[in-house]
Each structure stands twice: as C-alpha cells, then as structure tokens.
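Look for subunit A in each of the two complexes below; its partner is subunit B in the first and subunit C in the second.
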Partner chain A sequence: MWIIKGLRKGVITSDYPKKVSDDELSPSFPLKAPAECPFGAVEDGKFDLKRCISCRLCSVPFGRKLDVDEVTNPLNFKRSLHVFFLDVGTCHACNREVAQLHSPYYDVHRLGIFFTPTPKHADVLLVAGCPTDGMIPVLKEAYELMPEPKRVLVLGACSSGALCERKVEDFVPVDGYVAGCPPNPVQIIRGLLKMAGRDVE
Partner chain B sequence: MFIEYAIGAFILGGLLGFIRDYKSAVKASSFMAFLGSLLLLGEVYNVYTNGPVKVNLYGLPLNVTDVSAVFLLIIGIVGTAVSLYAISYMDIFERTGKGWVYAIAYNTFLASMALVVTVDSMEYFVVSWELMTLSSFILVFFSERKRDVNASAKYYITMHFLDTIPLFLALGTAYSLVGSFDKLSFENIGSALMTAPAHTKIVFGGLLLIAFMTKSGITPFQFWVAETYRAAPSSVSAVMAGAMEKVALYGLIALVWKLVGTTYSLGLLVALLGAITLTVGTLYALRETNAKRLLAYHSVGQMGYIWLGIGIGMALIPKGGALGAIGALGAFAGLFHALNHAIFKSSLFLSAGAVEYRTGTVELNELGGLGKHMKWTALAALFASLAISGVPPFNGFISKWLIYVSGYQSGNLLLAFGAVLAALISAATLASFVKFYGTQFGGEMERYEEVREVPGTMIAGQWILAGLTLLIGIFPGTVTGVLNVFNAPVEGNLYKIGFKSVLFSPVLFVILLGVLVFGFYLALKPSYGKEAKPWDCGSTQIDEDEYRINAEGYYIKYERKIDGFYRFGDWFYAVGAAIIHYIVRGYIWMASYFVKIVDTPYTKVESVADLRKSEVLYGDEEALKPLVRFLRIACDVLPGIRLGTFVVLALITVGVVIGILMAL
Partner chain C sequence: MKALSAIFKKGGKYLTVWLDYNTGKAELEFRDSLPDRKIAPALIGETGAYMKIPPGTNAVPLTFGPAAGGLGQAGAFEILTYGERIVAIRPVYGYKRRGLERAMLNRPIDESLAVLERATGNFAMAYTYAFLKAVEANPDEEVWEVRKVLLELERLYNHFNAIHKLAGAASQKVATMHFHALEEDVLRIFSRLTGHRYGFGANRPGEVRILEPKAMERLRGIKEEFHSLREELLESKIFIDRLHTTCRLTREDVMELDAVGIAARGSSVPRDVRTFDRFYSYKPVTCKDGDALARLMIRIGEVEKSFEIIEGSEVRSVRSDPSLKDGLNLGLAEASHGDVLVLAELEGGRLRWIGLRGASRINYVAFAKGITGNIFTDFPFGLESFGLNFADADLWQGGED
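Up next, the complex of A and B:
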C-alpha cells in the first residue's frame, strides 16, 4: 500500500536532465578575469576548456557552468549505456564524484546508465586520472577487451593533460572529455548522455 | 579347452614376474595376462557355439555354463583391454612398486576371477573367492603410500568380516546338508536344499546374500568402495570395478537364485536394494572431486541398476506367463547392463589413469585443458561418459531402457518406482559426467601445456573399450546371443527395444543423428572472433589457471539442497569407520603379542603405522634367534678359516651323518 502510494506520489530528487537547479552545480565566485590563467587555460584571449580546473578564480567558466564537456565521436545508441569506470591514477576526487552517480540523489539507473564490473560488457570506458606506469598496460588491455563499438570518455583535468605530462590520449583513442577538477556529477551525467547520442537540451 | 590354456597363461605370467628388472617383469606379465584374457574370450565363443562344457582343470572340477560364459565374457573383455593398457601404465610405479608382487597378484587376480565363475564346487568357489580378495588386497596397496595402505587394510578387514565369514558359514551349512566334502558340487547342494527345511534355506541364502552385497557394494556395505578404488592403481581399479563386482553378481545368480531358489519377496528385496543403491551411489558421486572416487561411487550406483534389473527378474520369472516374460526381460537387462557397465567403467578408469600417467594427479580441481593435448584419451572418455549416462546410441542407453521398460510394466508399485528413480538418477549421472569430462578435458590451462598423449598401448586399451561402447550400442545383436540366458523376449538385433515399445533402430538413429549434426554444422558454421584474455583488473599476481569454475563449484547449489542426505550418509559413514577402526585396533592388539619392536622394546603399538615405522621381530624369528646368535659367535670365534680346513671339516661332518644313517 505504502509502496503504491509512494510510487504514485513520486519523490523527485534531481530534475536533471529536465532542468538544473543551481544547488547541483558548484558555486562560483565571479571575480574579474585574470590576465593570465595560472593553469594556462587562457592563452591569447582564447579559452581552452581542457586545461580549466574550475578553480573559480576567474569568471570564465561561469557562463559555462554545465557546458564543460566536448564529445567528438558520440555513439548512435539513443538508449541505455553500459559504462566501465577505470581509475588510472587519480587523487580520488573523480572517484568520489563518480560514486555519487549511484546515490539516490542522482541515480543514473533511471537514465539507463549502468556500470559494469568488466570492460567486456561495456560500451564506454570512463577513465579518470593521470596514467601511471603500472596502469598503462591495464588501460590498454581494458580498451582491447571492449567490444565494438567502443568509446573512451575521460574525466577531469589531469586525464586530459592539464596537470601532468601524460594524458590518456597518448595510449588509447579518446572520443570525449568532461573538464573540471573534479567534474560535477551532473556534468558527468551530461557527458555520458551526450556519448550515448541522446540530445540533452 | 581354452580355459586350461588361459589359466596356464596366467600362471606363466605370474612366474615371469621373477625377472629382476621391474619394467620387463611388469610388461611381460601384463602381456601374458592379455593373452590369457583373449583365451577366456575364446572359451566364451566355444561355449556359445558348442554349449556348456565340463572341464577337469588339474583336478579342479569346472563347469562352464551359459551363465558362466556371460561373466567370462566380461572378465575377458576387461582383462584384455586393461592388460594391454597396463603394459605401459605400470611404469609410473617403478620407484615404489615391486615387479614380482604386481606380476603374481595381477595374474592371480584375473585367474581367480575366471575360476570363481566356472568352478562347480562350493569349496573351490570359496577358495577362489578368497584368492580373489587376497590378490586384490595386495594390488590395492601397491603404491605403498600411507593413505593407500590404510585404505587397503580397511578393505581387507571389511571383506574379512562381511565376505569371508558369511561364505565359510555358508560352506559349513552346505557341508552339513550334503555330508561330504567330495560331493559339494552345486548340483548336489541344490538337490539337498530342495528337501531342506525353510529356515536352513533362509540361513544359507541370507549368508550368501550378505557376502555378495558386500562385494558388489550394495548400500549398507558401500563404504569400502570409494577409498579402495582411489588407492589402487588405475588399471587395477578398472578390473575391480569392471570385473570383480560382476563376480558377486554371478554369485547372486548362480548360488542364491539357482540353488536356493527365488520367491516374489526375495526379488522385491533385491530390486529395492538396487533402487536404494543406485540413488545413494550416484548422489554421492555428484559431490566427489577426485576422479577415481567419483568413478567408484558411480560403480556403486551402476551396480544398483544391475541389481534392480536382476531383482525384477527374480520377482517376476517364477510367476510365469506374460509377467514372466517381463521378468526375463528385466534379468536380461540386468546382465546386459553388467556387461555394458564393465566396458564403460573400465574405460573411464583407464582414461583417469591416462591423465594420472601424464599429469600425476586425479584431483579434478587441479586438472583442465587436457583435451587439446590428449585427443584420443579425451574422445574415449567422452564416449564412455555418454555411455554411462545412457545417451543413445551408446550401449548404456539400451540396457537402461530395458530396465525402465521392465520396471514400468511389472505391475508392481515398488518395481515401477525403482524404474522411475533409475530414470531420474540417470540425469544425475549425466550431470556428474559433464563435470568429470569438462573439468579434465575442457578449457585451457597453462600448467599442462607440455602434456603429451599417452603411449600407444594405453590408447589401444582405452579404445578397445570405448569402441565397444559404440559398437554394442549400434549393433546390440553382437552380444545378445551370449547374454540371453533367461530366454527373454528380445529380438535378435533389438530393433524393437523393449516390450510393446515403439520402434527404435540404433542404426537409423546414428544415420539420422549424423545427417542432422552435419547439416547443422554446415548451416550454422561456427565463426571465431578474436581471442581475448580474461579481465583480471590489471592484476599481475593471480595465476591465470585459476580463472575457471573448478570441480567443486559445479553443482554446489544443488548439493546444498540435498545437504541433509549427505549429512545423514556421513553420519553412517562415521559410525562404520569407527567400527572398522576399533576392529583394526583389536587386530593390532593381538598382533602385538607376536611382534616385538627391536630398537625401543617397550613402545606402545597402536596403529599399523607404528609397526611400519620401526624395525620389528616376528614370533618365529625370535624362536630362531638363539641359533642365529650361536652361528654368529661361531663365525667370530673361528676367524679366517682356510678353505682346506673347511673342506676337511665338511667332509668329516658328511661322513659322520652318512655313518649314523647307515648305522640306523
């Protein structure tokens, strides 16, 4: 009885992707734009999203709170997505954000996104971190084991080469990234939905 | 006339064991056993064409009847294949075993089995039976490992209490009936039993029934089977499972049924024992992870099938008429299954031995991926596995089917229930053999990349039997002539298997199956993608051989569901083991009065291991000890005696002895 009542009433925790409340996004402090970004995200007046770590020292990403991803080669699924998350050397910040995806608040299952225990079942390899010596062969092996069609989505600034010399692109072909250090769960969901070929807006 | 030569070949094989070199002794004696077994098959052909013969074998009265011929056929086929196999197989015991022990014991074992099923006298039957038990006991501890020695001691003590004592009591009963040891032929005992009072019959039959139940591992007495077959060398296990258990069946038919006579209730008892045994044995086999123990429990289970078939015959044949025909069909099916079981069970033991020969283990949890490297062994094991599970067109299917049919149509609730149970348990057999085959030959393991195929004689031994499973399955007419001793209503080639059943032609079945399989292969040709490693989360420490379901995990969920059954059985096993343990203690207590530990005199002797650990002095040795000591002292007192002096002294001694003799 209670179950039916609860189901009928429905408790919506997050409206995303229908709409995004400001609470779900990271707060920002709109200061004036610095002449030179300490992380090299602004060069010659051009803004390089990959290098931005959302340090909130400037107002540059302010207007792009949500739009921090770029998917160059999306899958044409338009349906559910199976994701294998691989940590190749993070500070564990990205892992905590990814772990939030399973929480009752974000609950990616409602969107048809599933995390698999092995790359053999996955469509998308979600990579976080700066590749370390020990994890480079594992990263390659995981990419080898994935069935076609397969895509790689990288998370955070370090895996796309903003903070360290190595980047994931050097070892496996990358098809999209979500910027931020770490990216917000909502931003990750957005990147995954884009990767599945589902138009968010 | 073949049987004399066969026994002669076995005797010669035993004598060949006195060659000093282990390998040549074993090979020569195995070859003689092979020839002897072939001669036994010749005797079967002789009896089949010319009818029963009476032979006087070096004073032993033999009567090779049609029932004996069936069992000689079983012993002959198993002996031929296994002896051929043993020529190469016994090499693995070169370090521990003694060639002459094997040669004498193995040949005696085969010869005594051939004698048990042919002698025409109760006393010689008992003597041959004891010879069979003794020689198999010697073969069981052939590897001389501690666990094997314990197993063989328990086997022998079990046989002593449940086989020897009842048989000797039965012999005494027969003597009291006939009144003379010279006239103890089966015919005389039979005619004496006709007029004997009912309780004498019950005592005689009951004693014999206990003895034969023990030897064939029927349920309350099945505890010795698994550990004994595990301990014995695989070729010996094959003979024990294939032939020795069937000898007990001969006893059931020739002594209990033919001499004491049968009643409806006795038949029901035998069938009930069979039905219980087939359930217990097969369900126990399901949880085993040691290949030889698994096969041993299956041989218990398959003996249950055979006893069920014979029991249907014993119950229904006295009724006559239509029911009698069904009973004859059941008894025929039991005998047929005995032959089939001998063939496929020996084949399975031989393939387990082949795996042991190359990898050194029969533990299924540690095996895998051998199919690629041992193709012929794998295919033979597959044939035999399908045969034991009753899959057409192999031989196990036909005999099992006949047992089901005769059980369903018997008109008795108990027999019909037994047949239903048998059909159900057949599926458990298949499940168990999926495990047996899959864990040994399926998958791949890096540990066994270097394994090669076994030598030619071993493959030949396996393939004689594996080929026969298919041959008899497709052309059952080849053996039904020999087997049909109960005049069962079977047609020559068994096209119409069973009684009032639908038409089933094994030949047509094989052709249809072949066409279907070939067609499916062409239509759905398997395509192979790229090879991929298993995902190990990037670990470098885990052995890749461990990435699989091992034998323990195959049916663990189902085993938990019948956990109560296993615990009940284990409780019984514990009680029985305790009884045997205390009997062994009793024997050792007696032995300690005849044996003196030499180096530390007051050591307490509590187990067989204590006796084996230290140097011991037997009672007779102690009696001769003063003489030995005197001779040693004499040697010390007369040091450096010259040859000339010795000759003179010897001549004087001889002269004195001759003089004394002359004077007397």
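Up next, the complex of A and C:
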C-alpha cells in the first residue's frame, strides 16, 4: 500500500529556508579565493565565484556553502513566483538538479514556486548552460515572450562563461546568478527566493 | 555480433570503430566514405536520412523541442504525425554542441578530466572510467575496484531516475515521488563520498579520491526501500499496461541499427561491455520482448546486480602509478543507458585529440524506430524507457581532423 509506505517514510522535506542540513550541500565550494584558476575564474587577480566549476584543482580549502548567489535586481513579489526553465546547452547535471526541486526532498510548491511550461506565464527565466548556436535564438525568443516585470536568473558556471566562449548575459539581460557546477537544489531555491524579493535568512 | 560503434573524422578520412561485443575486440579503420550501415549518418550527427515520409501521406510534420516543456532539455524531435499516430520521427542533434571536446585538449591531464566530467554530468563516472581505461599505463586492481563501485552508484541513481520518469508518465504520482527521493538519496551518498553530488573530482589518473567511506552504510536502507517499492510498482496493472508493447524494438532492429545498452538487452541482444571488462565478472540481464516494459525489467534487474557488485567491494581512497600511455587508445564503460566510448590521443602526457561517443547518439535512433507506429501518448513511455539525453548525444570530437 503506497499510503502505508508514505506514512512509514515520514516527512523528508527540507527545512530550508529555516535551516539547511549538511546533506543538502555538497562540500565542493571554495571557502577562500584562489590566486589562480586553470579555467578562467581568476582574472587580473580577482576571483569570480560564478565562473568556478568546483574542480578542486586549486590549493584553497573546499567546503559547504549556501551563499553562492548574487541577485542584483529582485522582484518585489514576496509571495508566489512562476519560473520557466531553459536549458541552452548544459551537461544535463543542472537539469537534474532543477528537476529535484519537485522531489519530496525539496518540494518548491511549499514555497509558492511553480514551474510553467511556457515563458508567457513566467516571472523568472531560469537559464542553465553554455549558449549554443541552436539555442541562442530560442533564448532570445523566450525572453521576449515573457510578460513584464520579468527577470533572468542564470544557473551554473557554464552559463557565466566557464568552459565556453559565450555566456547568457551576452544575449539577454541577467538579473542574478547561482554559482556551482551544478548548483545544489537548496542553492537554486535560495536564488529563486531572493529573486522574488523574499527573506532567505 | 560486430557492431559499428563510432565514426570520427581524422586526417581527412573517416575513422570507424567496430566492436565485437562477444570478445571486446575493437577494430579501428580509416575510410574515405561512410560505411554502409544504417547507423552511420547518426554517428556523425546527421539524422535527416532517418525521416522517411510515406508517399501520398497526409501526415503533418511537427518539431517537438528544443524548449518545449516535455523534453526538459535542449534537443528536439521532428515528428510526422497524422492525428495521433506517429508516422515517422527522427531526433535532431546539434542543440547541445558546446565544443567542450576542444576545451579538454593540451592541458595537464587532471584538467582534461575535469572538463570531461562536465561533458555529460550524469554519466561522468562512465566517461572518466572509459577515458582512464584508455590512457592509464599501469592500471591498478584496487583503484579500478573503487572506480567500479562509483560507476555502479551512478547506474543506481540514473536507473531510479528513469523509473521515476516512467512512473510519472503513467501518473503514478506516489510511486514517481518515491523513486525521485531514492535518486536523491544516492546523490547524497555521492556527495559525502566524493565531495560532489555527481562524483566530479573522484576519478584521477592512478587515483580515486574518497572523502567519507562511511557514507556507503546508507546504501543498505536504500536497497530495502527499493525492494519494497519494486513490489508495489509491479503490482500496478495500469502502469504495466502502459509499458507493455509500447515502443517495441525487435532483435533485428537492434542488429540493423547497432543499438547498444538497455535498448539491445531489452531485445535479447546481450551487449554490455562489462562482460569483457577485466575488472568485472558480469553476466548481462536480458529480456526478449523489446518493449518499454522489458527495458524497465532490465533496469530493475540491474539495480539488483549493482547492489551485489557494490556490496562486494570496499570503498576508500586509493593511489597508484599515475603514468599515462601516449598514442591513440580506446576505452569503454557501460553507463546506465548503454556503453560510452572514448578514443583519446595523448602526446607527452597531454591530450591532443579526443573522440567521444555516447550511447544516446545511437539509441535515440533506436527509440525513433521503436516509437514509429505508436500513438503520441506513448511517446514519454518510449523515450524515458531508454534513459537518454542530448548532452550525451551531441558529444563528438575535438582536435585536428
């Protein structure tokens, strides 16, 4: 009986944003700024977290970190948020992490975050991947189709130009990013809540 | 059982890789033209030839993707449909051509591996396994034993993901959530074991890096839960009926299209590179019906086998000789969807040329063959039963032709 199995399992959903557990964050984020990076995350001596692919080949300590985002232009919604996810050339790991937002562990509906099948109903365009030739027109069109007010949140290092020649901001205005390769589901939720103008602390 | 496994372009010629799945013997051949095999165009990324429009048809072509909600990834299918019958279909490759293969070249090999892991994130263990198989000069048994466990763990979460998606397509809402949670459970084990949810950074030349071996203890609970969920899921006649006879591939289709992995084994063709991998002792799980249900049953059987393999091994950090072989060398690994092939050319310990062939590049064509004649509502059951993705299908080669 499915219902018995569910009751036996109990509630497994994350307590985030009230608190976050070690299981929800992988220990692969740099805790200090490295002096150099083989993949271009350090330029002119300045470390750019959003381009870090967490390869752990540099000589800084790595660990768990929730605060890996920056939202420069949040909405003032406070409540629900509708999101259209667009893959413009990922390795599929970001897709899996975004899909996990609907799993019982993260269940973003509890936070009023809903994914839409079309950009016409979306407040936020959530973009992941290196923009490829085939996806650049699709990216621009998806942005054009969104109603105002609209925002773009990019996910992962490659959408910010790591390992790629292009980045998403070359084609549409970007209002925030969540770093990581790929970002963990709670980090994505944090970015979305911040984009909605909601309290994440 | 010799199959055409990959085609690259090198030195102005086509470089073909033929693989005998009985012995594991691979043959590399340079040719001026494509070989006369049905899968040959797909292996160089061209799928137009697979769209056969029946003469006099009233069917209407429809492009599904690359941003349509159903696929959830940058890829597309061109579908010829009349009402709801799928008359003809082909996968459209190229939306995920990122040129990542070039980013692997002429770097220290650790860096090349870091890029390779990001070629197809959910098959990272398989690609690094195949790459290191190709390039390590003195493979160490203990190192490979741990790599094998990581590969089987990757298989577990990918199989759970495929079952979650199949259950979701059949609106088995509770079952789909249970399997999605199981997938996350395995990703959390990966995170503790390797420091990364997809195992990036664990496989290095002559070395496997494990941070927290105790995380493997959690697997016992996952195994018990899987057994319980499996019994419940297979009792659902509604679910089973949706998969039975859907997207059927015959044994002849598999042989004609050189299909690999789950697609082949579901049609009683035992293609599994673990059978001739020296670090495995493995007999493939097969099923003869060739439909989506057969592929589900193979996944369920393979989950069981993965648990057995993992339980028989100790997971810990191991280091050995990191020296590498120069020249052009081939490596294979059996990922959850089928085998992945890496052809790597090293010079002075650095990668000068690389060819990658994911199982998705071949098996999307097999899926297209199987789903032809089915109705459109069968599409997700057929597609998810193969467990493919376009990031994998769009990988090809980097370096001078």
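One rule holds for everything that comes next: the second predicted complex is superposed on the first by the 168 of 201 C-alpha atoms of A that agree within 3 Å, B and C clash if a C-alpha of one lies under 4 Å from a C-alpha of the other, contacts with A are read in each partner's own complex, and residues count from 1 in each chain.
Please note the rule applied: contacts are C-beta pairs under 8 Å (C-beta built on N, C-alpha and C of every residue); 3 or more make two chains touch, one makes a residue touch a chain.
Predicted model only: the values in this text are computed from it and were never measured.
When the shared chain is aligned, subunit C comes close enough to touch A:Pro104, but subunit B does not. In the superposition on chain A, contact of A:Asp170 is made with neither subunit B nor subunit C. Taking subunit A as the reference, the larger set of touched residues comes from C, when subunit B and subunit C are compared. Legend: residue contacts after superposition of the two complexes on their common chain; A:His92 is shown touching subunit C, with no touch to subunit B. When the shared chain is aligned, no partner comes close enough to touch A:Glu43: not subunit B, not subunit C. Looking at the shared chain after the overlay, A:Cys181 reaches subunit C, while subunit B stays out of its contact range. Once the two complexes are laid over each other on the shared chain, residue contacts for A:Thr118 go to subunit B and to subunit C alike.
Using the contact criterion defined above for the overlaid structures, shared-chain residue A:Glu144 touches subunit B, although it does not reach subunit C.
Looking at the shared chain after the overlay, A:Met135 reaches both subunit B and subunit C.
On subunit A, the surface patch touched by subunit B in one complex and by subunit C in the other comprises residues 118, 134-135, 138, 142.
Across the interface of their complex, subunit A is touched by residues 66-69, 72-74, 94-100, 103, 107-108, 110-111, 114-115, 118-122, 124, 161, 174-175, 177-178, 180-181, 183-184, 187-188, 191-192, 195-198, 200-201, 211, 228-229, 232, 389-392 of subunit C.
For subunit B in complex with subunit A, the residues that touch the partner chain are 532-533, 535, 537-538. Against subunit C, the residues of subunit A that register as touching in their complex are 1-3, 5-6, 9, 12, 23, 26-28, 38-39, 53-57, 62, 85-97, 99-100, 102-105, 117-118, 129-130, 132-135, 138, 142, 158, 163-165, 181-182, 184. In the complex of the two chains, the subunit A residues touching subunit B come out as 118-120, 134-135, 137-138, 141-142, 144-145.
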